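The following pair of complexes shares a single chain, chain A, combined with chain B in the former and chain C in the latter.
The block that comes next holds the complex of A and B.
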């Protein structure tokens, strides 16, 4: 399989300033086979948006190499085939959908007006309404419609589902599944909504404080962990545990499924469990006083 | 062809696909030469990862139930009696293992079990 993108030793350094502490991202090594969807998850400030912006050339990287669709990032021949939806980036507020379509037609040689009109209809975006009057969800749909209308082969979506209601989110996930119908169409999706990532992604990467903690096939990841419950002292002896949560009546730990002690109750761990236990380590359940 | 996926996480998804397609081949619902859906179609319809459907098909091919022809797709392999024998043998062994572990706590002797099995094999009630 051809790779959709490849990041090699990519770094970003923000020096510490008077009020803001410094931040370092990477070195990141991350790649995605064509025809797949990768979900990038992590807390606020983990570096998800910075990673996407570096891929799009909107933020200058401090080091490393980025390849998109087999060409170095920023390459003119591939630029038209990369679609992006970023939070808060939108078109001029006084324009309406029809005008945006005409503007983008001039910007993208690969623009397909028929597709644009179809997506605007499908997303129920009124042609004449000014974008300034759009809700957040509508703005996101408008940007998605644009990304789908210029023959994109790689979609970079930053929190693209977060402004949508559950039905619209589900429709969008279906749209993404349709989009990756062959090996030439791929998606990188960053999201807080781990549930959406678990539903739609082929691969999952967890970013934490600028470092990549893992990037794995989603189904293999879900198969390999279990949440096991038992007395804290028993669970503490499981050296391969990723994290442990304790309450007044017992404890729960995230452990490899192969190492669940016999006789203890266990259940499959979801992506959210894996993320939370990995990031929070061993901790007490906070109880309301 | 019918496939039902349980997303509870207890049985890996690729295993669910493998066992259901295998069962349909063994029962004759899927015949030699029948085309299986493409991995992408199966993934899209079941809303699962294409990596997982690929893994399932590879496993079916490895076990000899399916053969893949590059550019054409995956097809049910010719019926292999040896393979069916192996599979049935494996299931019989599993069942016997269960019989033995169920018999122990209620004090049934090997002789009792043999008697019961003889009755069943002859088609009579115990």
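The block that comes next holds the complex of A and C.
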């Protein structure tokens, strides 16, 4: 199966400045087979947006190689087949949806005006209203409508679901599932909303302070871990635990399922649990008074 | 390119206040019978439109959106030069038309003045665009003011000492200088925008 994208030893270095500490991302090795959705998760400042920006050619990489749809990243011919939605950016505020459609028709060789109008209707975007007057969620929807209205084979979505209401979010996730039913289509979804990633993604990658902690098939990842409850001293002896959370009622640890000690209560771990325990390690949970 | 030009043309609606100033100038020139002032206003204001537009785009982070579309960085820079040329030509055309209407007998003088102002407008755009691309609107404007001050001071010294005649030599030098500066500026802007991290 052809890769939708491939990042090989990609790095980005921001040198330290007077008021800002330096930041190093990578080396990142990531790839995604066609017809799949990869969820990129991590805390704020982990490097998710920088990764997407390097893939789009908006930010120069310090090293490594990026290929999108079999071509080097950053050239405009490749971008004609990419749909991108970046957090907090939209088309000029003084334009309306109808004018954006006309502009994009002149820029994309494969623009489908009928699809644009259909998506605008589906997302309930008023055609004559200025974009500046749209809510953040509506602006996200407008960017998504643009991404779906040309021959996109790869969608790069940065926090694309974060501004949407639950119904619109669910609808978008369904749309993404439909989109990848053709194996020529793939999605990279960077999100804080781990719940969305768990619902829709085939693969999950976790970034932490610029380092890729894992990139695995979601189902395999979820099957590999368990949340074990028990006395703290017993759980502390589990050398393979990813993290331990202590609260007023006892302790819970994330451990590989194959190594759950007999006699202890366990339950399957969700993606959010895996992320939290992995990133926070052993910690004490504060209880509300 | 066509899509970017379409967007910029739509953005012209944001310059309604500028249009009002020009209309007021036009009305006053009919009243006073003077066109020099309003022609200068017309051409210089239209020369600054692409720069003001870049400032608005900077606020809206338009470059980040534009470069996710099938648009190359050189095209993104080049379009602003083309659009700038368009606004300046429109302003100059308007100024010439106005001059002819107000003082029908002074055609040659009006065209000469407007042509000189057109060249000056080209130089303003050529100086400002790469500075704004590189430093952003706020710092770019400061640098531009400094550079234009130096340029004006240089001209005053040259003309004041009789080293450059306003009617003869300057009218030949100005278009050539404007064309060279415009070409160099475009080249520089393309290089700057190619190295920009967004």
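Points to keep in mind about this one:
Criterion: the second predicted complex is superposed on the first by the 281 of 289 C-alpha atoms of A that agree within 3 Å, B and C clash if a C-alpha of one lies under 4 Å from a C-alpha of the other, contacts with A are read in each partner's own complex, and residues count from 1 in each chain.
FYI, contacts are C-beta pairs under 8 Å (C-beta built on N, C-alpha and C of every residue); 3 or more make two chains touch, one makes a residue touch a chain.
Treat the numbers as computed from the prediction; the structure is a model and nothing was measured.
Model built by superposing both complexes on chain A: chain B and chain C fit together without a clash. Looking at the shared chain after the overlay, A:207 reaches neither chain B nor chain C.
Residue contacts after overlaying the shared chain place A:182 against chain B, while chain C stays out of touching range. After overlaying the two complexes on the shared chain, residue contacts for A:57 are found with chain C alone; chain B is out of touch. Measuring from the middle, so to speak, at the Cα centre of chain A, the directions to chain B and chain C differ by 150 degrees in steps of 10. Of the two partner chains placed around the shared chain by superposition, chain B is the only one that A:36 touches, whereas chain C remains out of contact.
Within the superposed three-chain model, A:102 lies in touch with chain C and out of touch with chain B [touch as defined at top].
Legend: residue contacts after superposition of the two complexes on their common chain; A:193 is shown touching neither chain B nor chain C. In the superposed model, A:157 makes contact with neither chain B nor chain C. When both complexes are overlaid on chain A, the residue A:217 reaches chain B alone and has no touch with chain C. In the superposition on chain A, A:270 makes contact with chain B only, not with chain C.
Set against each other, chain B and chain C touch different numbers of residues in chain A, with C touching more.
After superposing the two complexes on chain A, the closest approach between C-alpha atoms of chain B and chain C comes to 28 Å. Taken together, the two structures place no residue of chain A in contact with chain B in one case and with chain C in the other. Listed in rising order, the residues of chain A touching chain C in the complex are 53, 56-60, 75-77, 79-80, 82, 84, 86, 88-95, 99, 102-109.
Within the complex formed with chain A, the residues of chain B that make contact are 8-10, 12-14, 40, 43-44, 47-52, 55.
By the touch criterion given at the top, residues 2-4, 6-7, 10-11, 13-14, 56-57, 60-62, 64-65, 67-72, 75, 195, 197-198 of chain C touch chain A in their complex. Residue ranges of chain A in contact with chain B, taken from their complex: 35-36, 177-178, 180-182, 199, 201-203, 217-219, 222-223, 267-270.
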